């Protein structure tokens, strides 16, 4: 039994109440409020925001407008007032390349992460909701995709695809990136499936589609957000890895591509180290931003993980377990029922 | 605060004495005092029932006594004298030496309180090994003995918790608590996960064992009727405080505190006439911001004006004590003699 | 004493060089000693396979272990050096050639090398077509190879003069007694030849990380090679290889070093570089009429006029590959054939944006009516990517917008061969002893195919001009050098007129060398062989010249 | 008003290819009349919730019929008829913490229900109506409560919101599945009172599911006792409690502690295994725990027989005894 | 038992699915290895001859796809993996893999296990000292390290460890001037050359384990049986290790198996950065040179590695966790 809040107190104390059962029971505003009050989330979001501004308004940060054009400046200039971080061996301004290079990773993160999350939700929720044989089939496929080593597959896929355009890269990332989330969504949806408020909606006479979209999904919102952040992180890292290996579009201006160029032009050894260092920092910061926000969401949805506070009532603890441990979501593999 | 409480059977030796125990939870909104100054004396072989609404601090008090609080809970004041030694001030090492030999704990849900990955026997062994160097055979023999005592076939020593039914697990827990025949067993709602029938039979068994082995019991529950037939004394808690303490029958027959009365009135009975019951209006207070004065006054049907101002203490009313200004002695606060 | 040129020996005079090989250029002989490290990025560990027929790694055995009959130096006007053949003789119509196999040559296992071995080498290619890496038995028209005594006679269907370089220089001779038994005999094509037995200056011991070549004590040129050990570590990447070169840990480099001045040359005054160009890297327009823009002369002219080849060379290739010229003749390598005057007359000697704009206008394009074209290139060739970026910049003001499409190797070649592109950036795969080899590949209509079919032989742009065909055919049988030069210049004129391809930069044999402990390197002044370590069989010539200074 | 005929529900368990059937509800015949509170009591796992869910059409019956106002539910096709039934027979769920969608304000469920079932109301009328029902269950101030999120309410308040939701449709029968089991005694009684008041004031019938016999006695007119998927005894509350016929009912009653009464005879330590009924053989399902079990109990499944006025029990022994008295 | 059978079934099904995918992918992609080979032979060889060469290397473009599928399956399972069609044309794939496998196993295998154990230990301690300074700093630090891309970490390590002070090599697997053998010099060289790549892998992968273990521990620590352990008077260490860590560790096991897939990612990137001649590098090369047999085999091996690890972890879990034995 949980603590009951004072019935008559108008402002409900946030702390001890709110059964954390399966974690995701907060209202939407609750998620947002918790997000705002989480330090990791703030730091992560701050980093993300700066990069976002840089990607959207690059001209605020540099006067060079076409940074990839070669031969604009003298090659291999050392950092100076004119060229904050020097120029590349192809005569490009490194800082400008970096500024404009923020755009593509962000697009990849948001689009690939978003699409992968959508697929995860669709697959996971429908598996859980359909149940029976369809569920068996869907979760088998999910598990297969989950087990197949992704990055080699990404490499092989993008090599097969021949032409490394942004679209193909995103497609490849989505194809390989949805399964983890789908598994989590399924687990969460399964634990929700027989929750009384969904049955209550059914008994109320709601349609199936309404229940899934308007009753089920909103309750999964923080898992979905966490998933999106995870998928975005995965996309950023995988895309940068691909580009670094030279499997991206070499003409694109993107941090991964920059690193690839820096690597192939021996930037570290030939006095243009910033050419490699800046994009490395960029990718790291973007990755860390997503990771911090993601972890913050873990804390939000599982209050036990929060820095100071502790988990409450023992009876609740037993109800809390199924959805809370992400690692165990995969644990059962195909055998989870 | 008043002096240590009356011991009903004053002829018996005092086993446990709790003085002004306070436990706080550190939360983001400041400390929450979940146990606010509990005093209590327990004699050898006595059965004390502790009742109260959910969240009133029963478990916290229990763990405060047993020194099993997890952060962010801490004992913020008071002392717990067990056989004359203050457990609160004791080092972890000497505390560990006392544990299980002298007092053991039975927890609410045996499913959670038994380690799911070890066999029952292994868990028994763990407990024994922490306190004694017995040969393997003696460990086995003792384990089997206590299991039989609670009516479980010793073959189940090899079983894992999930292979036992709820009732069996609960019994196994009790058996484990008996390994060293301690003087005190603290029980936190050991039956609330069970069915009425199972509940009843387990209660009977606990009582039986207690009579047989002579240990004292502190039994926490939120179901008043459950302890009504088994406990010698009853302690009613409300919002972290003891509101009434006395012989079980006495409390049931003539509850002195309006809260106890309310609780009793909220119990429909399967016998006697069906009359409309009222229950207690409102909900328990938020311990982070307890009401001023008497903590029960916002829900009290007989509250007076001064109840929201003056803080009541435990006053002796006949054979029981109650924390209610109604019973405040006219002039001086009660002097307690045993 | 010097060997004879092919052209000289047309009458059938056989060469009879008494002393052979590199010794001809070196004056003294040196003491043996020293260990030299080769740094040449390989991108993988050594497979330790030395099958000389295997195009993937014959560069590890050819030149070091297996030798050709005659060495032909591309850089010195096809100067010949007799190796395993001490001489040869053509018949009158050049359909038959007879080699005299050198006496006293021993395989590294002690067995003598005979004419039988030579004949076996060629006949094995017939018997197992997969070994015939140069299509001698098909394209070159070889019909028989026979040995008698110390003579080996090869008979062809037609005049085989232009294939001399291929069969005499590129093929390494293998020992019959090894290859006719066991695994080798059963599957000569897939056999890995793990412990190669050859006649060359070195023998090898291989681990995946390093190949160690030891001087062949029985080598037929006494006293050679001078350097007793070669270390050839497997570099997986340019970076460490370059670093070893820069630090002097390795002395012989054969790959591109960006910023070579600061990174390599300035590190030590013993560090030198000389990268002789041998081929063109070109913008390849699709000439098929279905490609409206690129099949128009005006568009091609505009592109050719607009590209600042010097800038491409400077930025894209770090100045290490010189700008090319529109006739397609590599300079300075083939200077003899170069017609600088004609180039200047046509105005292709420097960029000319006015002419470019005018020509583009004739095709109906202008900045207000821009032309959008895609240029395919190979993924991973960053110097090309950079070059294309410069070209893009050059063409943009004209109203030609280039989109680079960087493709995987296989997709690129698939598209290139099938003609599925507007513009491609690329080069011919191999060089020959004169511009003829490259130009014929580019321009002869026999080398092309309709769109959608594979034109792998080299005419990717689908150029068809009977006049050029006939010029090239004449070259194949041309009797004198003057005739040949004149024919090439005429072909060059067509290049200037039709612009079937637009050469942008030349492509070079990368070469860096350290003179601290080792001497005898090929240089611009003494280009006795192509200098890259992987360039067989030229590498053998270099190996035979190198010596260890401290030992002297 | 509502009647079931041989209502049966089996669950396939063990997944995949297993053919094990768990008989959660077997051949249940029950009736609920207008303005009547019927209590359904029984051990955990005896099939109480399953019955409620069958009636609420969350599960489909394996076999048997449910008749509502004389019409079988299986004949109700089309969304309209479905909605009509749902509006007449809403359900209140056991767990107050799980039955409200945490993502929405508490008004969501009530307003959605009104939108579906009372299409005549305008948006503002719907809000008014929502406030009315919330006040009806004793929550004040209604407007403010409706704007809260579930986690801002105490369990008792949530439970009452659940009731309010059911009330909003002006139902004829409320299926209440252990609506108070999670609540503290002091709050519990308040809700029971709300139920009783609703029956008086609005004439609503209830199926009140619980395993707390005392509370069943407090509100209900009739009690049905379930064991292992069967209804083993049913009858008017007082008659059933005073003279339990079935040994399980007797066991149950004797186990209920009553602080006001002196301790009754100690119960035999009965093995309290929850009745899981997988592929049952014929015979009484209580026989293994029954102190009076006879041979026949292992062979023939007893059926309900009226042993006293309106008081039925399914027990061979009791039936024989009654027959003996009768003859 | 049934649980295990199901897992084995899953193993086989997944293997089949992965192998099939592996087989069909190249067949639906444009182009063929012939073009690669053509480029490699510098265009001098006729199409017919190229096919000849490929055929003698075991590539059969004209066989009917079903037969190819059957052959492929047989070959994959029997270790008959054909010969490389890439830059090591003609070399048996098994030989190439044999050369690279020990390096990857040594470097990646060792670091992965080390990261897992070390991470779990740190996570255990952090959770046990809940609220301590360590616990308030560690999560953030490890969140950050776990989000760093391999190549970024590698790059910075190279930057700081090798350029300035040249004591740790940044490329290769051992000093080629040392003759391989069981000499201290050689072993030392291997360790020295492995230091940076291993550190890179360690830094990037340890964070994940710290965090999961910490989170699992926190959930576990809230369980009643932990309090029970303390109530029994067991020593802190015993409660932490035997009761909390052991139970919190169990779900990590299958996570560990799953992570092998991610580790391979690391292997590819790290081996590329540090020019470490392992399987990852080979995959990179195979992809660059469109070496079908090599790609297929590597991909198959990677899948088998993950599945094998999964199976082993399942076995261990079953052994350690009696609850799984009961699961159907």
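First chain written, first letter: the chains are A, B, C, D and E, and each begins at residue 1.
As a working rule, contacts are C-beta pairs under 8 Å (C-beta built on N, C-alpha and C of every residue); 3 or more make two chains touch, one makes a residue touch a chain.
In UniProt terms the chains read A, E = ABC transporter permease; B, D = ABC transporter ATP-binding protein.
Just so we're clear, the structure is a prediction, and the values are computed from it rather than from any experiment.
Each step here moves to a touching chain, and the least such steps from chain C to chain E number 1. Summarising the inter-chain layout, the chain whose CA centre lies farthest from the centre of chain B is C.
Farthest chain from chain D (centres taken as the mean of C-alpha atoms): C. Of all chain pairs, the one linked by the largest number of contacting C-beta pairs is A-E. Rounded to a whole number, the gap between the C-alpha centres of chain B and chain C is 93 angstrom.
Per-chain CA centroids place chain B at a distance of 54 Å from chain E. Chain A and chain E have Cα centroids lying 22 Å from one another. In this assembly, the C-alpha centroid of chain A lies 48 Å from the C-alpha centroid of chain B. Residue positions of chain C touching 2 or more other chains, listed in rising order: 239, 243, 380, 408, 410-411. For chain B, the set of residues touching two or more other chains reads 54, 70-72, 107-109, 112, 222, 283-284.
Among the residues of chain E, those touching two or more other chains are numbered 30-31, 130-131, 222-224, 288, 290, 328. Residues of chain B touching chain D in their complex: 53-54, 151, 165, 167, 194-201, 204-205, 222-226, 228-229, 252, 262-272, 274, 276-281, 283-284.
Chain contact summary for the complex, chain C toward chain A: residues 238-239, 242-243, 246, 257-259, 262-263, 311, 314-316, 318, 379-380, 382, 385-386, 389-390, 393, 404-408, 410-411. The touching residues of chain E, counted against chain B in their complex, run 130-131, 221-225, 227-236, 238, 242-243, 246-247, 250, 320-323, 326.
Note for the complex: chain A touches chain D at residues 1-2, 4-7, 10, 12, 17-19, 21, 24-30, 195-197, 199-206, 215, 218-219, 221, 337.
On the side of chain D, the complex with chain A involves touching residues 15, 53, 56-58, 82-83, 86-87, 90-91, 93-95, 97-105, 109, 112-113, 116-117, 144, 148-157, 162, 165, 182, 184, 187.
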